[in-house]
Amino acid sequence: MIMPQLALIPAFPLAAFAILILAGRHLGRWSAWLAIVALAAALGLTLTIWHAPFAGQPLIFQWTWLIGSQPWLLGLRVDGLSWIMLVVVTSIGSLIACYSTGYMHGDPRYSRFFAYFSLFCAAMLGLALADNLLLLFICWELMGLCSYLLISFWFEKPSAAAAGRKAFLTTRVGDVGLFAGILCLAWVPHGSLQFAALPVVAQQVATPTLTLISLLIFMGAVGKSAQFPLHVWLPDAMEGPTPVSALIHAATMVAAGVYLIARTFPLFTPASLHVVLTIGLITHVFAGTIALTMTDIKRVLAYSTLSQLGLMVVAMGIGAWPAAMFHLVTHAYFKALLFLAAGSVIHATHEQELSKLGGLARTMPITSTVFLIASLSMSGLVGLSGFWSKDAILLAARHYAPWLFWVLLGGAGMTTAYIARLYLRCFYGAAAPHHGHAPHESPAIMSLPLVALAVGAALVGWIGSPGFSPFFTLLGVHEAHGFDLPVAALSTLALAVGSTVAWIVGFRRRNLLPAFLRPAGLALYRLAAHKYYVDELYQRLLIHPVWALGGLLSTFDRVVVDGAVNGSGRVGAWASEVQAWIDREILDRCVNAIGTTTRGLGRVMRWIQTGMVQHYLLMAVIAVVVLAVTVR
Amino acid sequence: MLLTGLLLLPLIGLLVILALPKTAVTAIRSVALLATGAVLLLSILLLGAFRSEVAAMQFVAQLPWIPQLNVSYHVGIDGISLPMVLLTAILSFLACLGSFSIHERHKEYFALYLLLVIGMMGTFLALDLFLFYIFWELVLVPMYFLIGIWGGGRREYSAFKFFVYTLAGSLAMLLAILALYWHASPRTFDMVELARQGHAIPLALQRLLFLGFFLGFAVKVPVFPFHTWLPDAHVDAPTPGSVLLAGVLLKMGGYGFFRLAYPFCPDAAWEFRWVLAALGAINIVYGAFVALAQTDFKKLVAYSSVSHMGFVLLGLASFTPEGMQGALLQMFSHGLLTGGMFLLVGVLYDRTHTRELSAFGGLGARVPRYAGLLIFFSLGSLGLPGLSGFVAEFLTLVGAFQVPEIRWPTVLSLIGIVLAAAYMLKVIQLVLLGPLNKKWQALQDLTLREWLSLAPLVVLVLLIGIYPLGLLHVQEASLQQLIYHVTGR
Amino acid sequence: MAVRTLVLLAEALFCLGVYGLLTRRHAVGLLLSIELILNAAALNFVLFSRVFDQVAAQAFTLFIIALAACEAVVGLAIIIRLTRTAQTIYADEATVLKG
Amino acid sequence: MNTAAVPLAILSALVLVGALWVVTLHNLFRAALSLGLVFLGIAGLFICLGAEFLALVQLLIYVGAILVLIIFAIMLTNSWQRETLPASRQRLPAALAALALFALLARATWVLAWPAQIPGGATRLKDLGLVLVKTLVLPFEVISLIFVVVVVGAIAVAAPRKGQS
């Protein structure tokens, strides 16, 4: 079914961006409402077309963008997968936009914030709607730009400026991989960039090529979803305003990598899926351990995001892409909520160091409650959203390999541990002394979205729960998994263990390790607290060499290449010196002789040339006479 | 007739300026602006009247000039030259607006400026090699004086280097032109006729001819290792000079490949495509690396030009519709983007009299409009989708990637994309972000005139980035014909 | 005989004019000499008009008189100008043309 | 010698003497007056040749206008007060050249066969007028154009410039 009005969905926020960037200064606080209304309109439009994805009929709108030996089409497509993304983005987006009106209140670049915010939403919606890799890539890059602009939003802080640049460049490395993947995919025989054509392509193309293409595409996902080798930008991205962290760096953009894998899943071969699984697993475990040691609220949440994204990628790696998508959705809600609640804390106390926080449960009851709900949901308390999605992944893992199941179960325990540690130290214990006014609950415009998201974080998982699963229907998967009691029991056990450990070690500060293991434990702790020194490693191995190479080539350019030019110029000058000598000593003599003669003649002529008219006339008359006499 | 108008209008402006007294600065400026504005209008009319489905030359005008040598005044345009003509018209108008910040010797400046416009236009319009060469060389003279008189820094050195370097390249081209002339039967400078005879030239001679043309154009493009005049000339040229230098003069080199080197020596061009591709990749990566290390704003942008022009070479080497479209579009887009960048550098230099990147910092808070535009053009340069640079680079890479012989250079040049982001973000970070440097507390934001000279570029960059089809349709037929001419496919 | 005499008279007049043109140092003197030359020509025209019975020749005399008037006016204007700017009216003192 | 030759001879002598004075007299004012003598002589000759109209014009324009103009100019430039002009340094070569020129011309004139007598009769004014507006209409018009140019030019040349008194 062809529907041009699909273009309206991203067009609303895009229009809001255009208005805000051009005239935002004059709109004042109305700029926020413009962004919210635009997003709400996109949400409304998305909801009105619900029947098509459920009926399994995709809505399509295509147009020609480029021409060459073949026309290059861009297109929009709404099917179950993209519809889910649309709903997630627009619903969370509009709630976060409401929240931001309070959070960003009084900022000198208030309208600019909402401009970028709208552009991001437009790009994200475009990405979800894209029916081919080209448009997806375009939106992908635009999101990267918005991420950059929003991370560096408070650019007066050098750390924020540096973080934005780091984010952009790191993801760009991944993007080049994705770009190369697109290039390959476009020119393998029978290649096509249309998602709908990918299953056919996968059958036609040789497996090694396919592995290469899928790995290149996965590289893009690694960059955007901050998977292991390219994860370094995400924790730094917490320099941005907290609503941005919530929307872009937790709920939507970073999940786009997972969405990309889901979209291009037919291309992935077993070999490349192994790579995906490995990367995801490394990220999951490794980020989880770092999250245990971080002392900054937002950084804990950032590493938690990394870990959860790793979990989704693991699910992709074992082929359970519907489960991964399911976790993406539930994660979007509870992680956005966690960030917003953390933002509420930061807004109230102007503090994000765990050591300087505590006992906020009394002064900020709403924030405390929603934070608890989100934490429990993420930890997988039975009945809450996170439980259902994590359960689906655990089930799939058990089918894949038992060892993986146990590792993921450990990961689940770790998840509970770090989030419980965060919650307890933030909201319980002795209230930290505060400078100035006492912390207070955030205004209604901020707490209402919190409550709304809390409802989502608690209940949204039910759409994928066994027995009632419109979610999987939307994705066109009918092998609905049943409720597996042992798995549920084990995951609850992991939750209990994790939270107990967090209570004892993280909150009460008891060291449970036997004495002989303590040095090793401390070393491990240090390693994790320094993020395994990955940043430092990159600095040494990558960034310094690149800059050094730039400097080297620049010197080479100046000294060698330009030196060659100037050198040949100098040789030319020298040659002309020699020639000049010859000219001066030999040729000039001859020339001078001619010159002297001429000058002598000239002197004679000059005597004639008196400048007096009568003189000339006399000459003329004499000449006439002479001519008349001589010429017959 | 229309095309002759493109040449006559600036000429009339030039004569009027020469007749005006030195002191009538306003009148001189208005005449120059009117002349370039009229050229712009005329070229837009041309675009309207252009029939994009026709591959052959259009609006042809031919008058015998030196019949003894079979030289004629012969002008015409096709889908390859029309974008270049448009680019020249747009940039000369906007740079003329930007020239209002010139403070001394107005009469000479604007007279030379219009002479430069005539030269550039003529190069893109000429269909007679003799005429082409005259216009090609005509460009050098005013540019030499623009850099040498109104420039800064080591302007005499740079102007001289520019002049001699380019002239040396042109001599190689002149040799090739003369060889072509003597080889053609009947002897002619008619480019259309010479192109028709292209395949008839023996391959050995074609190689030599191609080498000659290559040297001439490689200096102009510029191709590594013939590029070192470019940073010096750019840095020391006055702002409008840099704009035209980067925006139009470099394109003359690329255009030369399309119009001369490829049609006249098609077999040699086909044979040497891997050389072009390799040099293109080197340009992209090398230029980007060197740009990364620069501390002078203008020099950085100059090296970014080296990098970006590499894409033109890469696209040219592909002989695929995508690649050629990309190369031509890259020339257009790079003209707009670099033109904008240089105008912005000039704005900053006018106010602060420094171009050291480290001397700035935190300007984003002080001059938000300027910051917005600088970010816009930087993003365009680093190839952000939605802006013109991306379309061009995408087409180029897609086109080049499908040719097995030049696949590895293409893959190599992907590094350039990351590096482009690195040096452009470096600029943004050093100039706009961070705490405000106290020295620039009273910096003034863009004035209306500066805003007017930049806004059209913004619109065009966006337009091409979002709807490139318009320009691609214009180019399509002629490029298809060229590809068919060279490859027979 | 009379015709030849008159032609000779005109020639003498012409040569006297040339002599004056070559020797007069005063600019007005030059002008006077030129008038002599013109009158010599006029005399010839009228004479030949009678001899060959051509009325047109007389018309040319008229033209000569008219041109003489013009020449006198312009010459005098130049002389006045010269006295004002060069402070000299002697033709051989105005040597701007000297190489 | 017939009677008709007498006035011719007198007039010729008048003209010659006047012309000689014009080019030799040191006093410019007197030279100008001698030029008047020449004009009168020429006018007389015109009458003898049957061109009465031209004689009238000659008197009116030359004597009445041009000569007066010249005398005015002499007076304006104060040249008449200087009694003697410094002699030109090229009088001798000039005289020789002029004589040579005359010899040349006279020789050429001498060898030609001229009609013995001047034909009689007078030119009808109507014929002259017709020639002017028919055959010679173009030069006639050109002359008028030249007049305009001369008037404008003379004013432009002689008018005092800005900054000069």
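The letters A, B, C and D name the chains in turn, as written, and every chain counts its residues from 1.
Note that in this section a contact is a pair of C-beta atoms (placed from the backbone, for glycine too) under 8 Å apart; a residue touches a chain by one contact, two chains touch by 3 or more.
Everything numeric here is computed off the predicted structure, so don't read it as measured data.
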Item to check | Chains touching both subunit A and subunit B, listed by label | outcome: none
Checklist entry - Based on CA centres, what chain would you say lies at the far end from subunit B? => result D
Item to check | Separation of subunit B from subunit D, taking each centre as the mean of its C-alpha atoms, in whole Å | outcome: 72
Checklist entry - For subunit A and subunit C, what's the span in angstrom between their mean Cα positions? => result 98
Next on the checklist: Can you compute the centre-to-centre distance for subunit A and subunit D, using the mean CA position of each chain? Integer Å is fine.
Outcome noted: 103
Checklist outcome for this item: Between subunit C and subunit D, the Cα-mean centres are separated in Å by 6
Item to check | Where subunit A touches two or more other chains at once, by residue number | outcome: 614-615, 618, 621
Checklist entry - Residue numbers in subunit C touching 2 or more other chains? => result 18, 22-23, 92
Next on the checklist: Using the touch definition from the top, which residues of subunit B touch two or more other chains?
Outcome noted: none
Next on the checklist: Residue numbers of subunit A touching subunit B in their complex, please.
Outcome noted: 21, 64-69, 108, 137-139, 141-142, 145, 148, 152, 155-156, 158, 160-162, 164-165, 168-169, 172-173, 176, 179-180, 183-184, 186-187, 546-547, 549-551, 553-554, 557, 561-562, 564-565, 569
Next on the checklist: If we count contacts the way the header does, which residues on subunit A are in touch with subunit D in the complex?
Outcome noted: 614-615, 618, 621-622, 624-625, 628-629
Checklist entry - In the complex formed with subunit D, which residues of subunit C make contact? => result 1-9, 11-20, 22-26, 28-29, 31-33, 35-36, 39, 42-43, 46-47, 49-51, 53, 55-56, 58-59, 61-63, 65-70, 72-74, 76-81, 83-84, 89, 92
Checklist outcome for this item: Per the touch rule above, subunit C residues touching subunit A in the complex are 18, 21-23, 91-92, 95-99
Checklist entry - Which residues, counting only subunit D, touch subunit A once they are in their complex? => result 88, 90, 93-94, 97-98, 100-101, 104
